[in-house]
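Letters A, B and C mark the chains in the order given here, with residues in each chain numbered from 1 onward.
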Amino acid sequence: MSLILVIEQILNGVQLGVMLFLMAAGLTLIFGVMGLINLAHGSLYMVGAFAAAAVAGVTGSFLLGLVAALVAAAAAGALIEVTVIRRLYAADHLDQVLATFALILVFSEGVRWVFGSFPLFLDIPAALSGPVTLPGGIEYPLYRLVLIGIGLAVGLGLWWLIERTRLGIRIRAGENDREMIAALGVDISRLYTLVFALGAALAGLAGALVGAIQSVQVGMGEPVLILAFVVIVIGGIGSIRGAFVGALLVGLTETLGGVFLPAFFGLFTDPATATSIGASLASMAIYVLMGVVLVWRPTGLFGVRA
Amino acid sequence: MIGERVLSLGVLAVLGGVALLAAATDEPFTITLATRVAILALAAAGLNIALGLGGLVSFGHALFFGLGGYVMGILAFHAQTYTPLDLGLFEVAGTKSMPLIWLAAVAVSALVAIPVGLLALRTSGVYFIMITLAFAQMFYYFTISWSAYGGEDGLSIYVRNGFPGLNTLDPIQFFGLCFALLCVVLWLSARLARSPFGLALGAARQAPARAEAVGFDPMRLRLVAFIISGAIAGLAGALYADLNRFVSPAMFGWHLSGELIVLVILGGVARIIGPVVGAGLFVMLEHFLGQVTDFWQIWLGLILLVIVLYARGGIVGLVSPRRTGHG
Amino acid sequence: MADPVLEARGLSKSFGALVANDAVTLDLRPGEIHAVIGPNGAGKSTLIAQLCGALRPDSGEVRLQGEDVTGLSVAQRARLGLARTFQVSALAMEDSVLENAVLGALGATGSPWRFWRAALSRPTLVAQAEAALDRVGLAEARHRRVADLSHGQRRQLEVAVALTLGPRAFVMDEPMAGLGSEGSADLTRLLDALRHEAPILLVEHDMDAVFALADRISVLVYGRVLMTGTVAEVRASAEVRAAYLGDAA
């Protein structure tokens, strides 16, 4: 196995990781601030992808598509926050699971109704398509590098937003003490809507960006949502830093496991068996990782200790 | 206002009556729908023990449903191909006998529930929800990549498994079997809820500190509830696979886990007959709304939202509000 | 002197830089009510948590009837006869009063692993539960749901559940909390009688009740036992007065 392949796979893992981070950051932020478990986060990812594909399809502009994704997902997020989600903050987790599960049904079937069951396609803009040559002679798709760059930039932006701005101070205060922040005269329900829309926009952005390398179809948000859950369980629910570390861990495990586990078993058995065992184990690898982390730290790597 | 016992017997009578009527008028499709109700209700009754009595929001009960399905699929597959099933240390023959399959499904589900429960119960709240979900997904992806038993395409069983003395190919006889199992499980869960174990489990849910202070270990109570709950869901999975004569990774899918919770909530949490009402309503919605529109799940979603936001007791709660105490 | 039923020997517990308990030593002897008083933040809750097993001490040991139980869980200590009540009622709110009391009686049998016959159709459990409810004056309310009880009735039920365990020692965490004067007087009478069944370690803010009931009082200040003595000794102590006044100032 060549070093080039290893580096390529690591880059693929990082690319998956940063996209998972965009999803997980919103989920974990919403949980940290409002105490809400939002299953419909994957639907917002899907909404972003569809909005991008539709707008880019009409205008021919990928950039306008991205803007549409951000706007549509943020608007959808704000809409469900105001109509449904805000009634759930005080409810128990079971109600939250059910109501947001119901939202998934509404979103998925609604999108199927509008766009039909066939996948849409979102093309990578010409300027970003094709490979680039990295130092060491590695050819790697430029678009995927751009995804990594955007993911890292958003991560930095979030860090700046939360650590360095007034909004961030309010968000952190809201995590710690709702009464206090309300007493300080901050309009808490507007803050919550804002945080929810921000999380939604991140999910929509991820959906649009990934939509260009996969097909845009109903249900595309669900596998990503579950990976994002694994990410925040590993990272510690409520922790942005945990989401970042968890996302990279999951991205790398998922990608590298799929390539190297079959190769690893190939050292012991015949290729067909090795491929089959390796693929089976690779599909379970991130869950094993999660199990190990939980045995070691039941509240995740960066979670608040109970 | 109706008493709970009368309501329970009434609901079961309606389900049995619909199937019998359909048999008399030769409408096998309706019998199949009733069988589907009975099996889904059985799975939801299993979940209700963890969710309703134990307060454990398992978002991964499809794990056990799928295990039951695959136990049936694998045993029947080896029986229909006349190949032995290699279990590593020894080999067993496949089987087409329902009682044996049920036993195996219950045993395997219970065995898997032990480590899953031990690990998941280390956590609580949202972590528990996500971990149970993740375990089910793990099996989902595992079966997709497990090519020996059909992988993504699933596994077809050509002839329904047999039960001594019955012709299981006759829809009403197969319904009878599922219905009988459902009644037995409901009766057992009603007893369980009132038993000392049920009382202690209820205390561990409502006031864990109290349960500990009178000498119970809430963790062990929950683990046992989780195992019983999983075993019942596994049994339901074996029946479901037999109904469809097909198993696929979708039986482990998270939609199914979500739907099982929906069945419990539609009917009313911790109400003995709740799962049957929930399953009946769900299958009817699916059938009738499905005839009107391809997008019936939008309506299911909206109904669910209304129930969560406005009618917390579920349907049973509307018809028969909880009395004060159980005494 | 009779051997103590419950003993804390040099219990220390810190949370980060905060020393919540500093070498706390006290004992509970047969037939007595031993009150623990002290200003807020003195470490009373931490002491109770260590005695009952919810917190592990950093050092020191807890002995129940002469046996070292420091390593045992809450449930294990309860099975050895340590019954507690909670400052904030911890009851199964959806269940009936009788069911809560039967829960305690069931705890006394040592095993919840019975899946068949209904808990409420077991005569011994029910008899035990009803006797306890009778003692605290809740016999009439036994079929009511706990959620429908008044605050005072819930406080009584807390004591009744502890009673059904047939304990060797009680640890009561502010049983009078939130009770009016009439409720306090009733509960004071009840505890007065209970001490002969099992001694009571009583953490309480209601000084009238403490002075009326306690055989001995330990004063906890900043995690340390300032003094242990009779009511008269504690009342006369300048140190205690200073500690309380200092707290109030």
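What we mean here is this: contacts are C-beta pairs under 8 Å (C-beta built on N, C-alpha and C of every residue); 3 or more make two chains touch, one makes a residue touch a chain.
Remember, predicted model here, so these are calculated numbers, not experimental data.
*Asks:* Identify the chains adjacent to both chain A and chain B in the sense defined at the top.
*Replies:* For chain A paired with chain B, there are no chains in contact with each.
*Asks:* Using CA atom means as chain centres, which chain is nearest the centre of all the protein shown?
*Replies:* B
*Asks:* Would you kindly say which chain has the C-alpha centre located farthest from the C-alpha centre of chain C?
*Replies:* A
*Asks:* In whole angstrom, what separates the CA-based centres of chain A and chain B?
*Replies:* 31
*Asks:* Mind checking the centre-to-centre distance between chain B and chain C? Centres are C-alpha means, answer in whole Å.
*Replies:* Computed value for the inter-centroid distance: 43 Å.
*Asks:* Where the centres are mean C-alpha positions, what is the separation of chain A from chain C, in Å?
*Replies:* 49
*Asks:* At least two partner chains per residue is the criterion; list those residues in chain B.
*Replies:* none
*Asks:* Residues of chain B touching chain C in their complex?
*Replies:* Residue list for chain B touching chain C: 191-192, 194-203, 206-207, 209-217, 221, 224, 322, 324-327.
*Asks:* Taking the complex as given, what residues does chain C use to touch chain B?
*Replies:* Counting only chain C, the residues touching chain B are 52, 54, 73-76, 78-79, 83-84, 86, 90-100, 102-104, 106-108, 110-120, 122, 125, 142-145, 148, 161-162, 164-165.
*Asks:* Sort out for me which residues of chain A touch chain B in the complex.
*Replies:* It is residues 31, 37, 39, 84, 87, 91, 93-95, 97-99, 101-106, 108-110, 112-113, 222, 226, 229-230, 232-233, 237, 276, 279-280, 282-284, 287-288, 290-291, 294-295, 298-300 of chain A that touch chain B.
*Asks:* Mind pulling up the chain B residues that touch chain A in the complex?
*Replies:* Going by the criterion above, the answer is residues 51, 57, 59, 119, 122-123, 125-127, 129-131, 133-135, 137-138, 141-142, 144-148, 254, 258, 261-262, 265, 269, 295-298, 300-302, 304-305, 308-309, 312.
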